[in-house]
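Okay, so chain A shows up in both of these, paired with chain B first and chain C after.
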Partner chain A sequence: MAHPESLSPMAQMFEEFDLTTEHAQHIFGINFEPLNHVLKQLPIPFDISVNKAVFIMWLSAFLSFMLIFYAGRGRGLVASGLRNAMEALFQFVKFDIVDTNLGHEGQKWLPFIGGLFFFILFNNLLGLIPAGFSPGSNINVTASLAILVLFAILIAGMKKQGVIGYWLHLAPGGLPKWIYIILYPIEVISLLAKPFSLAVRLFANLLAGHIVIFALLAMIILFGIYVAPLSLAFGVIMYAFEIFVAFIQAYIFAILSSVYIGASIHPEH
Partner chain B sequence: MIALQSNLMFWTIVSFGILVLLLGKFGFGPLVQILEARERKIRESIEQAERAREEAERLLKEYEDKLAEAKVEAQKLLAEGKQLGESLRAEIIAKSEEEAKRMIAKAEEQIERDVEQAIKELRAEVANLSLEVAAKVIEKELDEKAHAQLIEKYLSEVGRI
Partner chain C sequence: MEGINLAHLGSGLAIGIGALGPGIGVGVLVGKALEGMARQPEATGTLRTTMFIGVAFAEAIALYSFVIAILLFTK
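Coming up: the complex of A and B.
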């Protein structure tokens, strides 16, 4: 790592995204160094140190669960306020994402798809808090989620058609034999491309949004105080757009996951 | 940014995994139940409202029928009453006319009878008076035959008056 003083202002700002630097060791005034010192003593063969992205993910998982738990504990049939908002989001996930793509069989996937939606949504929204961090702007996070989706696709398909049956039916039947030599590798690549696209889409969208805001604000440093009004105005517009993106990306990730799992459950479609 | 960071992968899978387990166990169940309960409640309410509406429509129709019936009945009663009044009037008039006639006839009869009586009495009185007067004037006893003849003559003269 180069010394911060030797970096351009842009490069200094981009360092905020790098979770290997010292910047990543604390967030909202909480320092993770003592905790990481303890974690290093554990007999685990790989690094599990906590940084700000990990903290945001904890917070996001905690908030997702507590808010849904709170909404589910409400008394009476008429919901209002926060409970109503959570119910609306939940209804959206259940009826528009899970039920339409997975049908009746897909009810046991509801926690998985709903978890994806709320986890990604709160990750994105917490990333918009000043001094916060968006874990989705790191490919490791999105890739981990996408790998879980890949496993979900495989498990759903194998449960339905059996382990061997699933691999046999990966390519559509009824075609001349020699076509399968080409078709089968394509189907395998397409299977792997699904989670890959999920991971890259979420990562790229969130990182791009944050970079644009950073770049707009960095212009003040690069070109002087006179561009500040324009820069700030566009920064605020981008920020509002980022809130929209936070919802849209969570929705896209959840609905594509359920479409993939649904296609795996109902291979005839 | 693109480098592999095992800590992030580890914690992503752990926190997301715990979230999914908790949501599956405690989170979504009650929410699904609430939604189902609400759906049931709304459906029941709509059905109940529908039933109530049908009942109300039925009652309205019943009342309208009854009202129409009552109107017809009232018309009939009115007509009957009118007819009854009319016939009663005619009867009363006829009766009173008859009564009047009867009374007039009775009065005439009475008058006639009274006149007759009066004539009879007058006749007797006149007979007596004229007898006395005659006896006094003539001052002589006539025989029975001449006496009666005299009275008869006198009376016919009186009756002519």
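Coming up: the complex of A and C.
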């Protein structure tokens, strides 16, 4: 970390702009300080105190559960209102994401993929509310989600082919023996690269969008009030694009997870 | 001071050069997908899904260079 005086004005503002919200004590008017005090005393090696990102994640988990729960309670042939909206989204997840990639085993993986989709979607959308925070723009959150997907890939493959069979069939068969010395490490690396790219993709997409909006608005402070109309107009355009990105990234994360799990269930040899 | 300036220059170069290849890749991808959709409108759904997966892979490469750029910028 460089000394503040040696940074450019933009980099200084970037430093002051609290990306991690570590110091947030009052989150939307709720004081989490007593709870954090208790959580910091726990005999575990991590700090699990509540900050804004954790709160937004609780909120999005709660929202995605309650919306589907209430929408699922509706009865009758004709859906309307909330049930109609959630039914459209859920049908999209079931038919376009899960069933096309996982086939008839899609039903088993639908809760996992659907949970990922709705959790990431609500995370992204709640991060777009002013004073909100996008938990996906923190690498720890996306890495945890991607590690879940890695476990899902491994469990799906091991259930299908057995624990030893899965690792034996990681590299395609029928090749000369010496090639496996090179091929097997490559296959293991490609297995680990899948969750890595999932995590970095979601993280960098959200962070990039937020930084672009921040940079556009920071130009008002850097260059004076006269650029305000232009930078506000571009900020609004980027904001609209961010709403699109929120949907597309949830879709990409869900569909890539189901493609990876599907490739693990139906190996191509 | 010198090091900071060089880091900022490197951050700009990282994202600028790193976005070149994925930009070309996404252009080719979407163009080819559109071509396919125009020829076979009934395959639009499948083509769009596959196109999004491909775009996500191409985009990830640009995002790696973006992460490097951010690391250099906040150095």
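To be clear about the criterion, the second predicted complex is superposed on the first by the 238 of 269 C-alpha atoms of A that agree within 3 Å, B and C clash if a C-alpha of one lies under 4 Å from a C-alpha of the other, contacts with A are read in each partner's own complex, and residues count from 1 in each chain.
In this text, contacts are C-beta pairs under 8 Å (C-beta built on N, C-alpha and C of every residue); 3 or more make two chains touch, one makes a residue touch a chain.
None of the values given here were measured: they were computed from a predicted structure.
A.B. asks: Contacts for A:Ala204 in the overlay, against chain B (first) and chain C (second): which applies, first, second, both or neither?
C.D. replies: second
A.B. asks: If you stack the two complexes on chain A, which partner ends up touching A:Val54: first (chain B), second (chain C), both, or neither?
C.D. replies: first
A.B. asks: Check the residue A:Ile255 against both partner chains and state whether it touches chain B (first), chain C (second), both, or neither.
C.D. replies: Second partner only.
A.B. asks: Classify the contacts of A:His266 with the two partner chains as first (chain B alone), second (chain C alone), both, or neither.
C.D. replies: So A:His266 meets neither chain B nor chain C here.
A.B. asks: Name the contact category of A:Asp96: first (chain B only), second (chain C only), both, or neither.
C.D. replies: second
A.B. asks: Of the two partners chain B and chain C, which one touches more residues belonging to chain A?
C.D. replies: Looking at chain B versus chain C, the one contacting more residues of chain A is B.
A.B. asks: With the two complexes superposed on chain A, say which partner A:Leu148 touches: chain B (first), chain C (second), both, or neither.
C.D. replies: first
A.B. asks: Which partner chains sit in contact with A:Lys159 here, chain B, chain C, both or neither? Use first/second/both/neither.
C.D. replies: After superposing on A, A:Lys159 lies clear of both chain B and chain C.
A.B. asks: Counting only touches as set out at the top, which of chain B and chain C does A:Gly114 meet: first, second, both, neither?
C.D. replies: first
A.B. asks: Which of the two partners, first being chain B and second being chain C, lies in contact with A:Gly74: first, second, both, or neither?
C.D. replies: first
A.B. asks: Intersection of chain A residues contacting chain B with those contacting chain C?
C.D. replies: Dual-contact residues (chain A): 207.
A.B. asks: For chain C, which residues count as touching chain A in their complex?
C.D. replies: By the definition above, chain C touches chain A via 1, 4, 8, 45, 49, 52-53, 56-57, 59-60, 63-64, 66-67, 70, 73-75.
A.B. asks: Using the touch definition from the top, list the residues of chain A that touch chain B in their complex.
C.D. replies: Spelled out, the residues of chain A in touch with chain B are 17-20, 46-51, 53-54, 57-58, 60-61, 64-65, 68-69, 71-74, 77, 79, 87, 90-91, 94, 110-112, 114-116, 118-119, 135, 138-141, 143-145, 148, 207.
A.B. asks: Of all residues in chain A, which touch chain C in the complex?
C.D. replies: So the residues of chain A touching chain C come out as 2, 6-8, 11, 14-15, 96, 100, 197, 200-201, 203-205, 207-208, 211, 248, 251-252, 255-256, 259.
A.B. asks: In the complex, go through chain B and note every residue touching chain A.
C.D. replies: Residue positions touching the partner: 1-13, 15-24, 26-32, 34-35, 37-38, 41.
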